[in-house]
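Okay, so here's the structure we're looking at.
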Amino acid sequence: MNKQIKVGVIGATGYAGVELVRLLLRHPHADVAAISSVSFEGKQISDVYPSMREICERICGSSEEVIAASNVVFAALPHGLSQDTAEQCIKSGKKFIDLGADFRLDAREDYKKWYGSDYKYPELHDASIYGIPELFRNDIKGKSIVGNPGCYPTSVALGLAPALRQGMIQPQGIVIDSKSGVTGAGRKPTQNTHFPECNEAFSAYKVAAHRHTPEIEQTLTKMAGERATVTFVPHLLPVNRGILSTMYAKLKEGVTGEEIRRLYEDTYSNEYFVRVLPKGVSVDVRNVRCSNYCDIQLYTDKHTGLLIVTSVIDNMVKGAAGQAIQNMNLLFGFCETDGIDMIPPAF
Amino acid sequence: MNKQIKVGVIGATGYAGVELVRLLLRHPHADVAAISSVSFEGKQISDVYPSMREICERICGSSEEVIAASNVVFAALPHGLSQDTAEQCIKSGKKFIDLGADFRLDAREDYKKWYGSDYKYPELHDASIYGIPELFRNDIKGKSIVGNPGCYPTSVALGLAPALRQGMIQPQGIVIDSKSGVTGAGRKPTQNTHFPECNEAFSAYKVAAHRHTPEIEQTLTKMAGERATVTFVPHLLPVNRGILSTMYAKLKEGVTGEEIRRLYEDTYSNEYFVRVLPKGVSVDVRNVRCSNYCDIQLYTDKHTGLLIVTSVIDNMVKGAAGQAIQNMNLLFGFCETDGIDMIPPAF
Amino acid sequence: MNKQIKVGVIGATGYAGVELVRLLLRHPHADVAAISSVSFEGKQISDVYPSMREICERICGSSEEVIAASNVVFAALPHGLSQDTAEQCIKSGKKFIDLGADFRLDAREDYKKWYGSDYKYPELHDASIYGIPELFRNDIKGKSIVGNPGCYPTSVALGLAPALRQGMIQPQGIVIDSKSGVTGAGRKPTQNTHFPECNEAFSAYKVAAHRHTPEIEQTLTKMAGERATVTFVPHLLPVNRGILSTMYAKLKEGVTGEEIRRLYEDTYSNEYFVRVLPKGVSVDVRNVRCSNYCDIQLYTDKHTGLLIVTSVIDNMVKGAAGQAIQNMNLLFGFCETDGIDMIPPAF
Amino acid sequence: MNKQIKVGVIGATGYAGVELVRLLLRHPHADVAAISSVSFEGKQISDVYPSMREICERICGSSEEVIAASNVVFAALPHGLSQDTAEQCIKSGKKFIDLGADFRLDAREDYKKWYGSDYKYPELHDASIYGIPELFRNDIKGKSIVGNPGCYPTSVALGLAPALRQGMIQPQGIVIDSKSGVTGAGRKPTQNTHFPECNEAFSAYKVAAHRHTPEIEQTLTKMAGERATVTFVPHLLPVNRGILSTMYAKLKEGVTGEEIRRLYEDTYSNEYFVRVLPKGVSVDVRNVRCSNYCDIQLYTDKHTGLLIVTSVIDNMVKGAAGQAIQNMNLLFGFCETDGIDMIPPAF
């Protein structure tokens, strides 16, 4: 097939990286031109992931090779490591999509405070965009650098944006209780993710101290048009994939559940990847597994005057690789669903 | 062994029932005299639970037989069905411990509203006590009927009681985000708990509409000395056992995290079954599995002025059978830990 | 899109049925024209499987409607129920692919013995073919009825065919120890598949008495050119998808492991869906999940003179819906991989 | 409590070690006097396992301290490391129970071949005994060193001993297909046991090459009175605890299933920890979880003339810590069930 663009993946043997490769291999307009991995340079990706055998046995090269071979470069790297790559991409006229944290925060001080280092190329950050297509579609189209959002922030932003934009909830003191599958912790084995200690287990972590907090507040603030604050508590869920966020916000005086529901249904009626479920149907991480969908359900607690929003995504797809490809589709003018219209398996 | 009391279990083939039988069989002072089951009358409990083979092959009889044979009767029945049994027990001078919902709510209207029927013997409810030993120990000792608390309410009450009693948090608008293992749904197979649809899944249910809500508010109100209100959202966690409740409450002006921690450590320093974990150690459902412990960890979010309490219990032990035995120990003057000092396995 | 054929699915709300629908919706040449369900007639498939919402909200009709609307009909029904449908399809010139057991066994006595009833239309069975494309490709192409193989028999046939055809192992007394994920038990909740009793559990069932035994022996006998006999023991594995079969057969005098490996590599070198793994790499059900692949690994135990073959498939794809579509592709002259070249996710 | 003996655990922070500590803490006659750990020397065991908090906060010392403080020393160490400890124990008149592999094999060549090193103190091996109480009870009682059996070999020995001793099956070419929970792989995180790659996964490992093979054959040979040979294939099961072994052996001419069943029932009728299940009830790892039981079920396949035995144990209890304590009870003349008569939870 004569595909239109060449794509490269830096950090292809991490979990987000291999998911990107898997999805890109079936993209109708993108050709995986090169991949890289620091840990497995010189090895086939199929040696690391036997699921790839006879499907993609490409050898992991260097990031330089990836940049040279591609029209658009995806990087799935720990924070701090994407900026040089971004710089090289921009210099050589390539698009860059960062699945790490380096291009997510507008405020340099936020990055310094939460990630402990400064921006290397501040000018790049002016040229970059935070890539949630459903919220910032038009701004993404012309950009060269996309900061692909964190998994938790994606689930939260899609869940709260309509109500905040319409001023139906109070943007301060929103409680966000999120639960993520274990792939969110990455490929590296730890005591915490060792099967006998993770299976049949459940715990909160980085309570009110997770790095996704400023990213969440940044988007909610944009949506609200005023300073939003949240208490964010993530939990480790003993499943492979999926994030469910349960969000609690004060309803503004007089706002009813029916209005809110109508608002969400209207807002997302033309969004392919966001499904506002009918009353009575719960969102469940299993219903979006291996897909780019975000399912949302809404409740009001009249007793306490709260809006409760539950949203689910697959943390590795809409929360990482799938959304990155959605952003690529926007950058190159492809159909936004190209390569990511997978139907979630029923089980 | 010449044991001091005869105990009976009504509803012995449900999950709470069989857990009761399992624990009681190793109690130093209680002799399991009779068990009953509506679904399996005439069958051996070991036919229903092969784990019991050669250990307890007792035949399930009728509830009348159980009452006749016992000094204390435990009932693990759906709501509405315990009241006749309670009446018979009281008449014949036996103690009664109800693991169902019939003796948990003080306010008759609450019971009517949430369970759809009225109290059959209102006078019994005056004679009964809500059985969380750590909070109501002295009141329990002389009673004849104990309403054994619900699983969620136990995890919440122990988690919030100290702060509420000392007025350190605001009792209104507390957000309670709870996650329960699947045994909480009982023994009966449903679509929702069918392995392929429950495994690798996660969802909220009965959002702001769960029957444990009035029970939670009742206890928190008692602790606070003023009307407490909560938004309670339970979730179904794909593990067998365990509840983790994450609770969010507004700190009163000027209260610090250190004060709160000290308060909790002091409050629970002599409580065998409540462990306030040191800073930096997360509670995890796996660390209390198959035990009667409740682990608690505390956080403050200065950013938003919230106290965040996380608590874990085994829903079938401290959340059901274990706490019921703890109540029995109180009723009969045994050591409170007798028969329930199991050490949680590390995995 | 102007697709070439109309397809219908009878029994679309069972697990194999919904998996068929999911895969067919993305097939490049097939248009899902109609679906039916006895249990949910008149309901949308997305009401039964919320994962399908906004993707396929088709209403389940009757089997007659499905037959009328389609060029090829798939049936995923309990045994005994497909024969009338097959008859109607043949009469009206439609192709029929049966995912049940009614067209798998050549010997009428075998069907009677193992399924307890006789063939209703014996002549249909002469016109049907057992559909493992890798073994019977040329015979399938011209047929009108395909008996789509059982999940266990598929894993076994692909694992043993090369060695049996070349006479490298003894066809009598082969031991087959298989382990299947829980979706193999179907959609209907049972005590056995209730999460708390299936999770953290593992057991054998229908030991040396499973209905797939005659189907396995039938294929192995064909491959060997002489009567093959097996001892077949299936186990229930607490995962959603996947079958691993461990097969033990006596090596013929003088046959070496190297010869066997070469034979398998040669035999399957052009088979897209069968991957003979390199020495040292274990097959794992996770590496074929949600894909149509069958992975095979070989071992010889010199100590006892046995060949040990391990094979894995996804029981719902290569073991059911995927292989059915592979057969459809053959019947209609499409590329054999059309619609089923999914890449297994790495996790 | 004035307990009769002092016990020590070397390697207390490994999985078998911490399970030993957990069980010994509730033993009626043993007092845990000291524990050691190379990895965590100087740390509290409760820092490594928060489940132990407020229950056992003992500090891990050195192995010398453990030996000095104890009447009997348990060692849960990698192979090769127990022999010095054994020597020191014997010299100072202490009993020694080795949960590792150093005292399991009678034949020095077997140890050399499978473990790659020689016996350091050959004379110690003459004084030691292989500790399966149900098979070698009387020989164990007077010994000073017990080689506690491997987990797989325990499940196999109990499953095949009666038939082999009575000559009802052929001892050559027995196929043993075993499946073990992940705790069997120990505490150290690996890629293989990383939750996202172990959950929803299943694979065979060390096929026909596992170190438990000579141990299995040694016991089966003793039982048969002639050379027994096996093909042994272990699999990694995505559950925390439990081993199920499915064993296939040729029935001797004329032996019937009824005879075999009677034999097993008779053999084990007085064995507290072995349960021969009635016809029609499958063994399941969940039914022995957290207990010292071994459940056995028997089948005959007339078609191929095989006896099929299925047996289950908890790999950490009867397969490690529980059996070690059973051996200790024998050494000290305690009741054999003391401290290990836990009832398996139903879920």
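Per-chain numbering from 1; labels A, B, C and D assigned in written order.
Rule of thumb we're sticking to: contacts are C-beta pairs under 8 Å (C-beta built on N, C-alpha and C of every residue); 3 or more make two chains touch, one makes a residue touch a chain.
These numbers come from a predicted model, not from an experiment.
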Practice task
Please give the intersection of the contact partners of chain C with those of chain D.
Solution key: A, B
Fill in the blank from the handout: In terms of CA centroids, furthest away from chain D sits chain A
Handout entry: Rounded Å distance between chain B and chain C, as computed from the means of their C-alpha atoms
Key = 47
Handout entry: Computed distance of Cα centres, chain C from chain A, in Å
Key = 36
Handout entry: Whole-Å separation of chain centres (CA-atom averages), chain A against chain B
Key = 39
Practice task
Would you mind listing the residues of chain C that make contact with two or more other chains?
Solution key: 15, 183, 196, 199-200, 238-241, 284, 286, 289, 347
Completion exercise
Within the complex, chain B is touched by chain C residues 15, 181-183, 187-191, 193-196, 198-200, 238-240
Fill in the blank from the handout: Listed in rising order, the residues of chain C that touch chain A in the complex are 15, 18-19, 22, 25-26, 49-56, 183, 200, 240-241, 275, 277, 281, 284, 286-291, 295, 316, 341, 343-347
Practice task
Within their complex, state which residues of chain C touch chain D.
Solution key: 172-173, 175, 177, 179, 196-197, 199-205, 207-208, 229-231, 233, 235, 237-242, 244, 246, 248, 282-286, 289, 297, 299-301, 303-306, 308, 310, 312, 347
